[in-house]
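What follows is chain A paired twice: with chain B in the first complex and chain C in the second.
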Partner chain A sequence: MKKDVPILQVNNLKTYFNTPRGVLKAVDDVSFYLNRGETLGIVGESGCGKSVTCNSVMRLVQTPPGEYAGGEILFDGQDVLKMPKKKLLELRGSRIAMIFQEPMAALNPVYTIGDQMREALRLHMTISKREADERVLELLKLVRIPNAEKIMRSHPFTLSGGMRQRVVIAMAMACEPDILIADEPTTALDVTIQAQILNLMKKLKEERNTSILFITHDLAVISECADRVMVMYAGKVCESAPTKELIRNACHPYTVGLIGSKPNPKEMGSRLRTIPGNVPSLLKKPSGCPFHPRCSECTGRCKEEFPPVTEIAPGHTVACWKYVKQEDGSHE
Partner chain B sequence: MSDVLLKAEHLKKYFPIKGGMLQRTVGHVHAVDDVSLEIRRGKVLGLVGESGCGKSTTARVMTNLIPPTSGTVTFDGEDLLTKDKALAKKLRRQINMVFQDPFGSLDPRMNVAELVGEPMVAYNLVKNKKEMTERAVELIEKCGLFADQIYRFPHQFSGGQRQRICIARALAANPSFVVCDEAVSALDVSIQAQIINLLCDLKDEMGLTYLFISHDLSVVRFICDDVAVMYLGQVVEKAEKNELFDHPLHPYTQGLLDAAPVFDAEEQKDRLLLEGDIPSPSNPPKGCRFHTRCPYATERCAMEEPELREVLPGHFVRCFEAKADVPEHA
Partner chain C sequence: MSKYVIRRLLLMIPTMIAVIFIVFSILSFIPGDPGRMILGIAAPQEAVDMFNHNLGLDRPFIVRFLDYVGGIFLRFDFGESYRNSIPVIDEIMMRFPTTFRLAVFGVISVVILGVPLGILAAIRRSTITDASITVYAMFLTAIPGFWFGMILMYFFALKLKWVPVFGVSEWKGYILPIITMAVPGSSGLIRLTRVTMLETVNQEYIKTARAKGAPEAIVIWKHALKNAVLPIINSIGLSFSGLLGGTVVIETIFSIEGIGKYIMTSIGARDIPAVMACTIILAGIFCVIVLLIDLIYAFIDPRIRAKFSS
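Now for the complex of A and B:
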């Protein structure tokens, strides 16, 4: 395994929040890895811990109330959670960069696009103003912004949503990061603009060999741009597999339900298949497998213990008792 | 009774833009520009388009929530934009709306019984509070909530449950026509499927007619019978659902359909990727409004504005180039 060391390896990460109503286990024992030049998609419904996982990778969770209760995040062999502050600042923005959902909130409304991008560049690189300007232009052209010189001098509010997101991506790419974390980058955009941005991200990945951690709630978006997919539910990873494998051969009842909930143009029946019930509150997480109250295949064991992660095909792991081979041969 | 429940003809809604020291009108936002739509009784009309294309304004004008600049709307054979207050009230009872944000559309100080019961009181459909509560319980049970939740407040519910309350409230005055303005867009996928199923069941059970506004094409394809595509305040294409999705004739519709991510990546075909952004509706392009982004635009498109014409029975397109015998553009 030495030759293909993942750029990011997260082992048993636990991010908890101490709230007046108890400990909220937003990320509970999550492990995953991200190879160089790979896109890993994280899917799940709201409140399942996708964003907290990604914020943890950059150590952006505020402590307190947040708390890194355990685990390690190995970036290029170094543990981000144990890193001194100064080193962390060097890492953020230059080697790991992030794109957020709402591009307007990520840009400063009182500075021009050029100002903000120059700031990001000069923070991490020792370059002159003129060199920075040239680099900004180059970056804006990289994200296919037409008449970049003009855009550089304009303020964020004069740009459309798609353009703003392009600027944010350009800024994130400024220092050629190893990992780009994209937290629902296209959710706020229209479909035609979403297609443009996804296309752009695909091209950037190919050109720069950047690894991307892509968070979304939309399975269709994930299936288009990710190499591997990880499905999260209530702070736990329930299934992880290469994208094609997951589409063709989803195993976890939650994944199956999630795929079934999406209207499929091929089978236009009169009803959609649904998952009954609601996403549980993380404060009152069900015991055992958190999905058991909504699962149609729930057994007695599901209510008591969280199932171990089982590999059912190369690279395809699932956490469900259904796939655990019982040592005593019995299947509850 | 005629087959058409609601008919809008040549609807226009311009919003003035005020500017300068004297706040004079300096221009207009052409939010809805010459929209004609028909909704058949018991059917679902889908209205799709990108943000800012005038979907919601069209719905609001069609239901007389905001007065149109010009145009007519007939509901069940009667003029919906009538000045006769009694008639207007009678017609308005027939029409109700479900909005996108279930957090913003429920008064946090009212409990479920009051929220669902308010329309009944407003239209004098119930005699007393007891009757109101009974009817409210009946409605929320129909919408998948439980009778013991009737005295709870909105903050005690999840997003999906709140949307169920909104639907129950929309049905409280026995409407025949419900406008769902992005009613499922704010919900998680698994909850979205539950609400879509609920809307379908209610439609069959109560004989409702929907105007379903959404930007999610897969949802529209699932729930609707007819679909109209809007771009910059105009309907660019309308047809029966399968006809529109299988043989889109307008290049914008093609681009919109191709832009939607496909779940099964192996079906990837040559896509028509639209460039650029939607122009501002305060200064729409001359000629065909889509010509600035259209890959097939000719000189004529920049000069003249195409009319909405029927190229196939029931299939209307606003494009010079679209031909019935060539389903795809060459």
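Now for the complex of A and C:
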């Protein structure tokens, strides 16, 4: 499975926020890797640490109040967290780029689309304004924006949400990054536009062999486009597996619940299934496995200690005592 | 865009007529007979009536009003002062350049002192820098202008003799009044700049700019400031028009013959033409400044520009 060296390797990342009410452990000991040309989906409910994980990868978390309390983020072998500021700026936008959840808010309202896209290019390349203009047109056409010349001269407020998200994607693709981080890129869009944007991203990935880190809370979206999926809960990774394997053979009770909560047309008319209880506050995280208060299979041990990560099939890891017991202590 | 400007300029005419009407009627109906005021209690009633007749004050209200408006719009004539029979517009124009210079340099100093500190506090939020700037701004708010002015005068004019004690006959005379105006005045702008910058740097597009790899200087000065600047400009414009109305305290401390003191003495003397003229002229200046602020808004923010052109 892990034949070539992953482009991104995150080891034991801890991103905390110091708030007046205590330390908020938004990302607590998270490890994952991303191969070249691969799409890794990160799924979880709101507030589970998905976005903070992604922001950490680009070191975009505001410090203070945020704090990188531990771990490393190896991009192409270099630790992003220890990089000098200048190197980090070179990395951002040029080798790792990001697409945000709210296309309405992600573009600066007082500059034209052209201004903002040219900036993305000229921050990393020494090209003339005319060359930049040509490249911008090319990029806008790449994301299938009609009337690219006109759009270039327009301000963001004149465009629809779908159009703006295309612009954001085009801007992210400007320097042909190795990794594209997409933080819920389709959540704020209509379903039809969603499909278009997903197809667009798929195509870009195939054409340019870009790795994508895809964050969403929508399992349908993830099964559509991710090669592998990582499920997060309360700042922890609870399960990670190739997409098909995960959908077919979900192991962690939380993943099972998440898949079970998806509306199923066959069960029309019956009540929608939910996971009982609420996402815990990250300030008052339950002891042991944070999911234990909502888990139907909770045992005494779950309340005391976070389970070790267990590999139950090739590439399929889960952090749950249920599986540790079965294999009687064997772990990765 | 130019259509919009012309429309706004034309709209100023009815606005000004309304202002004149309100000012004129209030001052016409307040108790106190001008003739009696000027000639004194001992004067015989016939003399008072004669005086009022000569000034045309015994004519009906509407006639006097139209006469007054006509005078302003056709001849820029605001009537004569009750005190010395000099046309009030001459009195005002004599004092206006001083007040104008004070206001211009005052506002420039307020901006220089206020905006950078506000930005600094915002980008260093929740640090010791931010806390110190906030405390400093609060401290400035609490300083009474007259006290600050007198302290400055004591040290720099009386002790060190760097600047004249009073008057603005030489340029050095402007220094202390401007500092007295600007230092306490900047506190509001510090806090406003800090708050609007804080709001702006939390916007998603700031994160986009950072994610593009833009250095912090570009993020703040290019992406954040242009978005945060609108309320700041609004506040600067309004404080400028406030300063043009004169600052009585400062003019009094530093013995400056400015508009503020003129208005105060005119009110004290019930010199109604002078009070009316000042009020109307200041209202006109205010209208022009508000229009300028709106135009700057449109220049900076394309969304507002789009609204104007439609």
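In the analysis below, the second predicted complex is superposed on the first by the 318 of 332 C-alpha atoms of A that agree within 3 Å, B and C clash if a C-alpha of one lies under 4 Å from a C-alpha of the other, contacts with A are read in each partner's own complex, and residues count from 1 in each chain.
To be clear about the criterion, a residue touches a chain if its C-beta (ideal position, glycine included) is under 8 Å from a C-beta of that chain, and two chains touch if they have at least 3 such contacts.
As the structure is a computational prediction, the values presented were derived from the model and not from experiment.
Annotation: superposed three-chain arrangement on chain A; chain B versus chain C shows no clash, the two fitting side by side. Using the contact criterion defined above for the overlaid structures, shared-chain residue A:202 touches neither chain B nor chain C, since it reaches no partner. By the document's definition of touching, neither partner reaches A:285: not chain B, not chain C. By the touch criterion defined above, A:58 lies against chain C but remains apart from chain B after alignment on the C-alpha atoms of chain A.
When the two complexes are overlaid on their common chain A, residue A:92 makes contact with chain C while staying clear of chain B. Once the two structures are overlaid, the count of chain A residues touched is higher for B than for its counterpart among chain B and chain C.
Applying the stated contact rule after C-alpha superposition, one finds that A:36 touches neither chain B nor chain C.
Shared-chain residue A:263: touches chain B; no touch with chain C. Seen from the CA centre of chain A, the centres of chain B and chain C span an angle of about 70°, rounded to a multiple of 10. Of all C-alpha pairs spanning chain B and chain C in the superposed arrangement, the closest lie 7 Å apart. For chain A in complex with chain B, the touching residues are 45-46, 160, 162-163, 190-196, 198-199, 217-221, 223-224, 243-244, 247, 257-265, 268, 270-276, 278-279.
Every residue of chain C that touches chain A in the complex is listed here, in rising order: 126-127, 203-205, 207-215, 223, 226-227, 300-303, 306. The residues of chain A lying in touch with chain C in their complex are 58, 60, 64-65, 89-94, 97-98, 100, 102, 105-112, 119-120, 123-124, 155, 157-158, 168, 171. Taken in their complex, chain B has these residues touching chain A: 50-51, 158, 160-161, 188-194, 196-197, 200, 215, 217-219, 221-222, 245, 255-256, 258-265, 271, 273-275, 277-278.
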